[in-house]
Structures are given as structure tokens and as C-alpha cells.
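Here come two complexes built around subunit A, the first alongside subunit B, the second alongside subunit C.
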Partner chain A sequence: MKKRPAWIASLVAWPIVLLIAFPLLWMLITSVKPAAELFSTSPTLLPKAITFEHYVRVLTDTPFLQYFANSMILATSTTIVVISISVLGAYSLVRFAYPGRETLASLVLFTYLLPSVVLISPLYLMLVSIGLANTLASLVIAYTTFALPYALWLLRSFMAGIPQDLESAAMVDGASRMGAFVDVVLPQALPGIISTALFTFILAWNEYLYALVLVNSDEARPLTTGVMTMLISAFNIEWSLLMAASVLMSVPLIIIFAFFQRHLTSGFGAGGVKG
Partner chain B sequence: MVQVVFEKVSKAYGDTVAIPGLDLVIESGEFVSLLGPSGCGKSTTLRMLAGLEQPSSGSIRIGDRDVVNLAPAARDIAMVFQSYALYPHMTVAENICYPLKKRGVAKADRAIKLAEVAALLQLEPLLARKPGQLSGGQQQRVALGRALVREPSVFLLDEPLSNLDASLRAHMRAELIELHRRLGKTMVYVTHDQLEAMTMSSRIAVMRAGELQQFAPPDEIYNRPANVFVAGFIGTPAMALADGSLADGGGHLVVHVGSLAVALPFAANGVRPDAVTVGIRPEDVLVGEGPWQAQVRLVEPTGYETIVALDADGLALTARVPGSNALRVGETVAFDLRRERIHLFDKSDGRRWEPAGR
Partner chain C sequence: MPDLALQRPGLSRERRDALLGLLLIAPTVLVLGAVIVYPLLSAIALSFQSVYTPTLEGHWVGLANYRELLGAGGFWAALLTTAIWTAGTLTLQILIGVAMALLLHQNILFRSLARSLVLFPYFLSTVVAVLVWRWLFNDLYGIVNHALMAAGVIDAPVNWLGAMPNAMLSIMVVGAWKFFPFVVIAVLARLQTIPEALYEAARIDGAGPISRFFDVTLPQLRDVLTIVILLRTVWDFKEFDLIYLMTGGGPVNGTRTLPLIVYQQAFGLNQMGMAAAYAVSMMLVMLVFMLAYLQRARKAAA
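Our next item is the complex of A and B:
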């Protein structure tokens, strides 16, 4: 294939990037504009003065940090629960022969096809009956119900690409099956596990609907619903604070993405295991 | 002494019976090849010995232990896989040391062993690389190294050379023979390449559809194939096989095959089968002079010799003629047969039949 000059690619790519990034840019700009400038009759793209007062207010005057901690705990525990179950489950689906294995796999996919709204009420009633309503744990369980099937399917295809000979070799070399799993399968599946973990984390971090329905106390409210309820009332929307909170909300995801970007792309590219 | 014994071992995958019942005794220090066409159960046999498949019934012994219920790790074996199965995330050194590490060998001792094996297989310059950065031949040597480092009592090799190109394969064949001679360990080698089996083995187990056809040293497999299948499978170009019958020609045994009546240098006494399959190897067809005529059907010069397909009045024969021969397709040539070397098989069961006095 002939190599296209880089500037043509840039010419196409940059407008698209700008188009997608504009709302984010606007969010960032609004969050540092002084309140007076915000509603001036001639809107400005670049702020005349930069202020961090909104950030200070969000962090000190509101329960933002509480929500942030809740979201962190929630997304992290969901990820840990989902990944530990789905890694073992996917391995079992790929490696062991037992009756009903294929049925099980398709059933898992089927649950993923159900719209999550229809599951809210029954889930809520179940959580109430086991005494978990209105807790972070209830959200971990709820998120697990829809993140797990997805994670299982993703990891299943990753693990199917790992040659079985590798485990056989490890077992002949002296490892138990569990040892072979840890020494050989896990390192091979790592890119897949990292991408799946990332997806799960983002899913849990951004989830709104279940959080809105299942939790209504400040102790257990995550950022998504927390920020909304504290800054949007029937009378007034605190735009500056909302934007500052939104920026702060995105920071962890940006950091994680920057950190794992390499794994994420290699995760997407996997499946073509070199022979 | 580490004998390997298969006793009435069978293996079924669901409804498909891969191995109906295998009896095989491999003596200590032997180099045994499992040879047969694709799907005949060679890998299954090896994997049962390694503990990677559970036999459906029967017992397998390594030394004086019945290993059927032992995990692969406890069987004191090492295996080289067709895919090499090198751990992609480990360096060559880590790959080779992995079996030692799993068996709790101290780090200092591991380093000594690694150095030994690396020197033996000329792997020193590669130790820090990952398998993905090695050529096929180098990967193959690393896989061998990982098997050698532990000094197990039995080595299992599943088509380890099949991914290599022809010249490297010949080279590795020689190295494996040398390695076996030096170590004196029992080796079980799976291949569908008869040249590998013939050159390396002390005995060859020829298999077909899960059943053992013949288990004998290479020269016996070649010169005295136990049945029609082995006769046709071993040897390139293949032995010509045709239906024939036996008769008594004044005290001599006479084979009628096609329109030929071949008097054999054997007495015609004793019972003999009614119908036979007659086997004639290409090198036993002598083109040039002789009592019979044949038409040349095909001429394949290979440089060192020329393979000639002949049609003797409906009987298809193959001959090897030395050098690049001036034979033409369609030409009629005279030929003779090395009569004492004609193979006879009872047509009713396909088994080899020996005339009295051979």
C-alpha cells in the first residue's frame, strides 16, 4: 500500500477531533470563567479572567468529596467483583467440557440483551428483601448483574485465543492446573483483562439510572446522581459548579486511560494470536 | 530401568473411539516412533502417556508406577509440542528454567543447569530474548532445552520437526539422534514423516485408526511389513500392490500376478493361501533386461535416480532407475524382478505370508 502523506490524515482527523472535543472544551472553559462573565450578553469563547473559585466551592462547600469517594469505592469494587468472577468463568467456558456449557454461554448473552430498565424494579425488591437497599453494596450487586455478562463474553473470546498447548506444557513442566492458569493463562490474557476491567470501571463510574433508583441517601450516592441532585434544582442550575464538578469527575478516567492506553489498544487488536 | 507399558489402553471422545485397545511395551532407553497417517491416534497416545488425556480404560505404567491417576507433573516426563508451546511472556532463559522453578530447584542450581543446556543446544546468545524474536529452528531448540533441563526419565516429542524447513529438519534429525545417544533416555516420538521414523528410531510403532499395525525396528518394518497397510504406507515411492494367486510349478512356488507368472526360489510345500496380495518394491523392479515387457507410463527424474511408472499388461509397477535415464513415455522396456524379495500377503486378512524356506 502506498503511504499517504501525514498531513492529509491530520487534515481529516483534526476537525473531527475538535468537533467531538468541543463540548468538553466548553465545559472546561465554563468551569474557570467568573460567574459574572458566564451570563454576559456577549458570550466569550475564551474567558477574560481565569478563576478557580468554582473548584474551591465544589470541593469545600458541597458533599462532592463524599460522592467522589463513593464512586471510587463503587467502581473499584464492581470492577474487582466482575473481573474475578468473569476471568474464572470465561476460563471455565473455554477449557472445560460439561453439559450445558454452550447453553450457559448463550443464556449469559441473553441477559445482556435485556434492557436494564425492566430489571430495576425486581432488582430493587430483591435488594430490599435482603436488607441491602440504599447502600453502596446494592449498587455493586446491580452493576455486576449487567457488567458481568458483558465481561464474560469479552474475556471468553480473549481466552479462546490462548493456545491450549501452553497450559499443557506448563502442566507437564510441573505446574498444577491452577498453577498453569496463573503462570500462563493470566499473563496471556492480561491485555484482555485490563480492557475488560477498564470498561467495567467506566460503566460503573458513569452509571446513572440504577444509582438514581436504588440509592437516595448522601452516604451512598455516587457522583453521577450526587452532582445532579446537589446542583440542579427546580429553580436554578449552578452552571459553573456543575461544570467544575464535571471536570473533576472526568479526571480519574482520563488518568486511567492515559495509563492503560497501550493495553487498551492491544486489547482491541488481540484475537489474531501469532502462530 | 524405565519401561513404558500400555496395557489394553482405550480412548473414546464421546462416541468416537480414537484408540480401541493398545498394547505396547517400550523398553528403557529406546527411541520409539509412533508413525501413521493423520488422525490415527498418535497424539492421543502420547497425550495419555503425558497425563494430558485420561484413558477410557486400561493401564499405563512408567517404570514400576501405574500413572493413569497421576497428574502430568508427577509423571517424571518432559514433552516437546508440535507448536513448541513456548511461554510468550517469558524470556528464553525463563522458559528453560520454568520446569526447574516449578520443582523448587534453588536459583543457583537453576543457573548451572541453564548454562549446561544452553551450551548443549547453542542457545547462549538467545537467552534474553522472547520466543517471538526467534526463528522456527531456534524456537524448536528452546523447546528441546526446556524438556532437557530437568533430566526426566521419559521424553515425549509430538512432531517437533514438522514446522521446520527441509534442510533444518535434516539437521535437527541428526542432532536428535546424537542427543538420544548421549543421554540414553527413553524417547517416544510422534511423526507422520516416515523418513524421520526410519532414521531415528530403534523401533517404529505403525498405527492406523487407533490400532497398532506393527511394532518393529525400521529395517524389519521396511523389509518384512506385517500387513498390506504397512507395506503400502512405508516406502516412497510406495510398493506396488496387486491381487494374485499362488500355484505349484513343479515343486517351486509360482505367483500369478497380472499376466505374469513369476517362479519364486522357494519350495511349494505346506499350506498356502488361495488368494494373495503381491507387493513389489520399486527397487526390486529391474529395468533393461528380463523376461517381461512393460510400457513406460511416467518418468520422474529426481537427479540421483529416476522413478519410472510401468504398465506390464495391466499390472502397474514402479521402478527406480539410477541416474537421469533416457527412457521415454510410451516406450516399451524389458524388465525383471528380484524374485526372492517379492512380498506376499494373505488376501483374506491382509497379513504377511511367508513361503517355506524364506
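Our next item is the complex of A and C:
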């Protein structure tokens, strides 16, 4: 009956929305401002001139592209490893009966809440002793500590929502259990798998602490620690350069967010809050 | 219908199923065992040792680490700092989150754009959030000081991150900005399932917008808010990146929370055993909230 716009609510909401979005807008504006304008005593909201010199410098004068490639490899590998393991694991937790299943499900949820700082020292010792320190592989292993419990929990709730009848019907028609899994369950679970994969990618892309501890060479450094190195090593902090790097670093997230916002929010509801 | 028992000679259907289930869960169990259970047990073992990080040589010291951190060490001070940070930023997250969810639930103009703008900080890397806010808070060229001075709120630039209590308040605000969208998503999803009939009934009873919020909306949100508060308490309590990158725990130790001490002990002071003792103690405190969440989440799943 009522679908007319709420004018008063709009007038209240939009100034707040803009205030919340302002830091990101300011990041964008700073990244295209000429250096002279940046350090003026009366900053202008909109730049008088637009320059892309900072972007050019980030891409050519800094190891940014190396970091970007590292992050891409790292986040993609983590996602592939974690999704492969957790799709099978979640299916097992949802559809099979065996002793210890409920305990295991609780354990997964428990590990999902575990602080990284508790695991960081032993993981560091472990990865040094097997000779993987300072490699992207060490980070993939470390990232499974938070990504795997997360993905398992999320996929488990997605798969629990798939009706069992279709699977039973396929098996009555002669399909094997795994055949029914591949032909019936996987297609049904696909939206959930996509959400989970995107989230895992974002978590890995944004991770900072393990990267700080486990990697200290540019060859394996991802964007998070790499861009912070640019801040710390600079004698004069070049804010426009850092803002340009921040924008570029967020581009994959913006793309994911723009195309999959629905997937992301549904994943959230299911995994984070509803249990 | 084909005879299933004939197709699978030797084993009953249940046994075969259970075996397949175990086979499918095996990779998960192996990986979780190797990267979580084993390191977790090692952390507990490490906490009874004195280990020098660069050489990784250690010896057993029994409860000495715990005695030191609970006595002369900084555990209680850091626990207080952690509690203040968690309570402060969480309160802001909940208030802003619920208010924003209520507004975004209305049929406002360009609603989906507004939702995207509001949710995005949550998906952003903490590193990016920190860089942007450190630039906003910059004492000389930061827009926050410029704006407040232009508005006549302050006369001279404020040192937002290098003095107390400013530094604590600043990280609370940044934490709220970064994490409130989680509250928005959870509350918004719940708001959409509250039956309109409840509001109609309240309207017929003559309830205004404010009493409709307290009598209808808030009770409906109670369960989701409990879970959100438990989850966010755990996550804010263990937050490392944001605080470490905003203030490094300073000024002096003003914002040095427990996760920062663990990192500092292990990789700054090279005391890995002591770091593990701090980490284990911190986990024991968190366990209260973790168990409360586990209980509720399991109940909701069942």
C-alpha cells in the first residue's frame, strides 16, 4: 500500500550516510590532488586541478605491483585451498552420521572465534622449522587458520538449507552418493559457495598480522604490510601517494562489492549471526 | 527399485555412509589439527617456558611467566585498557548500527546506494582504513582539525593520536566506523522479518513512533542484538591491526591492549614464552564470551 519515498527519513539519513562515506571520498580526493594543494593552510574540499601523478608514481616508483601480485596469488590460493576442503567437510557435517560429528561442529565454531595472536608464536616456530618462513606458502598455511573455520561454518549453514529429497531421488534413480553430491548438491549450493569464496578472498586480501610476522622480504610481501612499509620507510610521509595506493589496493574489493553485494550480505546473515 | 544391499556387498548401508562421511571430513580434521589444535597446544606449552625468539632456545620455567604477568607484569593494566576499548567502540557500533539500520529500513531516496556506502567500510582492509584516518587526524594538515577550527569548536590543532585520552577516543571512533556495518547488516536482516501486523496493532492502540520502537522493534531485535554483541565483543577484544597501526599502543602504553602485548613480547622483546602466557591468559578471559556465543549459536542452528 505504501511505496512512496520517506522524505523525512531521507533528509535525516543522507547527511549521516555522507558523513560515513566522507573518509573514503577524502581518500579519493587526496589521491588526485596536486602536492602543492595538499599542504595548503586552507584545504579545498574539491581539488582545483586533478592529477594522476601519484597513481603513476605508485605503479612505477614503488614495489606496489609486486605486492599486488603477491596479494592476488595469496588470496586466490587461500580461497581455492579453503573452499576445496570446506565444501567436502561441510557436506559431511550436514549429511552424514558418525560419532563425534557434533563435537567437531562445535570445535569448528570455537576455532572461528580464536584470536590470531594466540596461534602466531607456535605457527611462526612451526613454519620456520619446516623451512617455509618468508614464503607465500607460509601465509597460505597461516590463513587457513581463520579462513577454514569461517568457510566451514558458512557452508554448513548453506548446505543445511538444501532439501534432502532431491538427493534421495537421485540416489533412488541409481546415482551413487558422490554422484548425487556432484550433480544435485553442488549446483544447489553454488550461491553459498560463491559467497563463501568471495568472503574468504576478502579476508585473505585484508589480513595483516600473519603477513607482518611471517614475511619480511618484498618478494613475498602482500599489499597490507607492503603499503604500511611505504608509510614507515618514507621520511616525509607522502599522503597523496599513500591514498593512491589505498585506492588501488581497494579496487578488487570494490569490484567484488559492486557485483556481489547481495551474495555478501546473505553470506553474512547466515554465517555470522544466525549461527 | 534396485536392492541397495546387493550393490554394496560386505558393508551395511549405514556403515558405508559413516565411512564416506569420515573420508569427506578427513582433510578438514587433518588441516585443523595441524594449523590450529597443534599450535594451540604448543602455545599452552610455550607459556610454561622461557624462549628467546631469535635463537628459539628455551627451558621450562613452570608458572614463572604467569606469576610475573599477574604480579609485576602489565596484565591487569592491559586487561583494563582492552576492556575500555572494547566497551567504548562496541557501544558506538551498536548505537550507530541500530540507528542506521532503522533509517536504511525506511524507503529513503536512493536506498541501495545509501546501503552500499554505509556497508563498504566493513569490507575495506584495516590497513586502508587506518591510512585514511591517520590522514584525517593529521595534526597539521588533517581535515578534522581544519574543519573543527573553521567551525570554531577548537582554537588550536588537536593532537588526536599522540595524547591521552584523545588516542583512545580516536581509535574507538575508527573502530566504530570500520565495524558498525556488521551491526547494520544483522539488524537490517532481522527488521525485514518483523511482521507489519505488529506495528499495525500498536498503531491502533495509539502508540507513537517512539513507543513503537521500544514496544515492538526492540523486543524483536533482542536475540539478534545479543548474538551481535557477543560476537563483536570477542572480535573487538582480540583486535590487533587497527590499534597497532593507529597508535602502536601509545602514547606510552595508553592504548596497549592485550593482543598488542602478545605481539610486543614475542617479536619486540623476543620473549616468546611470556607472549604465550599473555595469549593464554587473554584467551581465558575471552572464553566467557566465546562459550556464551557458542551456546547461543548452537541453539539457533538446532
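To be clear about the criterion, the second predicted complex is superposed on the first by the 243 of 275 C-alpha atoms of A that agree within 3 Å, B and C clash if a C-alpha of one lies under 4 Å from a C-alpha of the other, contacts with A are read in each partner's own complex, and residues count from 1 in each chain.
Keep in mind that, in the parts below, a contact is a pair of C-beta atoms (placed from the backbone, for glycine too) under 8 Å apart; a residue touches a chain by one contact, two chains touch by 3 or more.
On a predicted model such as this, the values are computed, not experimentally measured, just so you know.
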item	value
Residue contacts on subunit A - larger count, subunit B or subunit C	C
Touching partner for A:V172 - first (subunit B), second (subunit C), both, neither	both
Which of subunit B and subunit C A:P163 touches, first, second, both or neither	first
First, second, both or neither for A:A13, with subunit B first and subunit C second	second
Partner chain in contact with A:P187 - subunit B first, subunit C second, else both or neither	first
Overlap of subunit C and subunit B interfaces on subunit A (superposed complexes)	172, 174, 274-275
List of subunit A residues in touch with subunit B within their complex	163, 165-166, 168-176, 179, 183-184, 187-188, 274-275
Complex contacts: residues of subunit C adjacent to subunit A	1-2, 14, 17-18, 20-22, 24-25, 27-29, 31-32, 35-36, 38-40, 42-43, 46, 56, 100, 103-104, 106-109, 114, 116-121, 123-129, 131-133, 135-136, 138, 141, 143, 146, 177, 182, 185-186, 189, 224, 227-228, 231, 234, 237-238, 240-241, 245, 259, 262-263, 266-267, 272, 275-276, 279-280, 282-283, 286, 290, 293-294, 296-301
Parts of subunit A lying in touch with subunit C, wherever the complex brings them together	2-7, 9-10, 12-14, 16-18, 20-21, 23-24, 26-27, 30, 38-39, 42-43, 84-86, 88-89, 91-93, 95-98, 101, 104, 106-111, 113-126, 128, 141-142, 144-145, 148-149, 152, 157, 160, 172, 174, 177-178, 202, 205-206, 208-209, 213, 223-224, 227-228, 231, 239, 242-243, 246, 249-250, 253, 256-258, 261, 264-265, 268-269, 272-275
In the complex with subunit A, residue positions of subunit B that touch it	47, 50-52, 71-73, 77-79, 81-83, 85, 87-89, 98-99, 102-103, 132, 146, 150
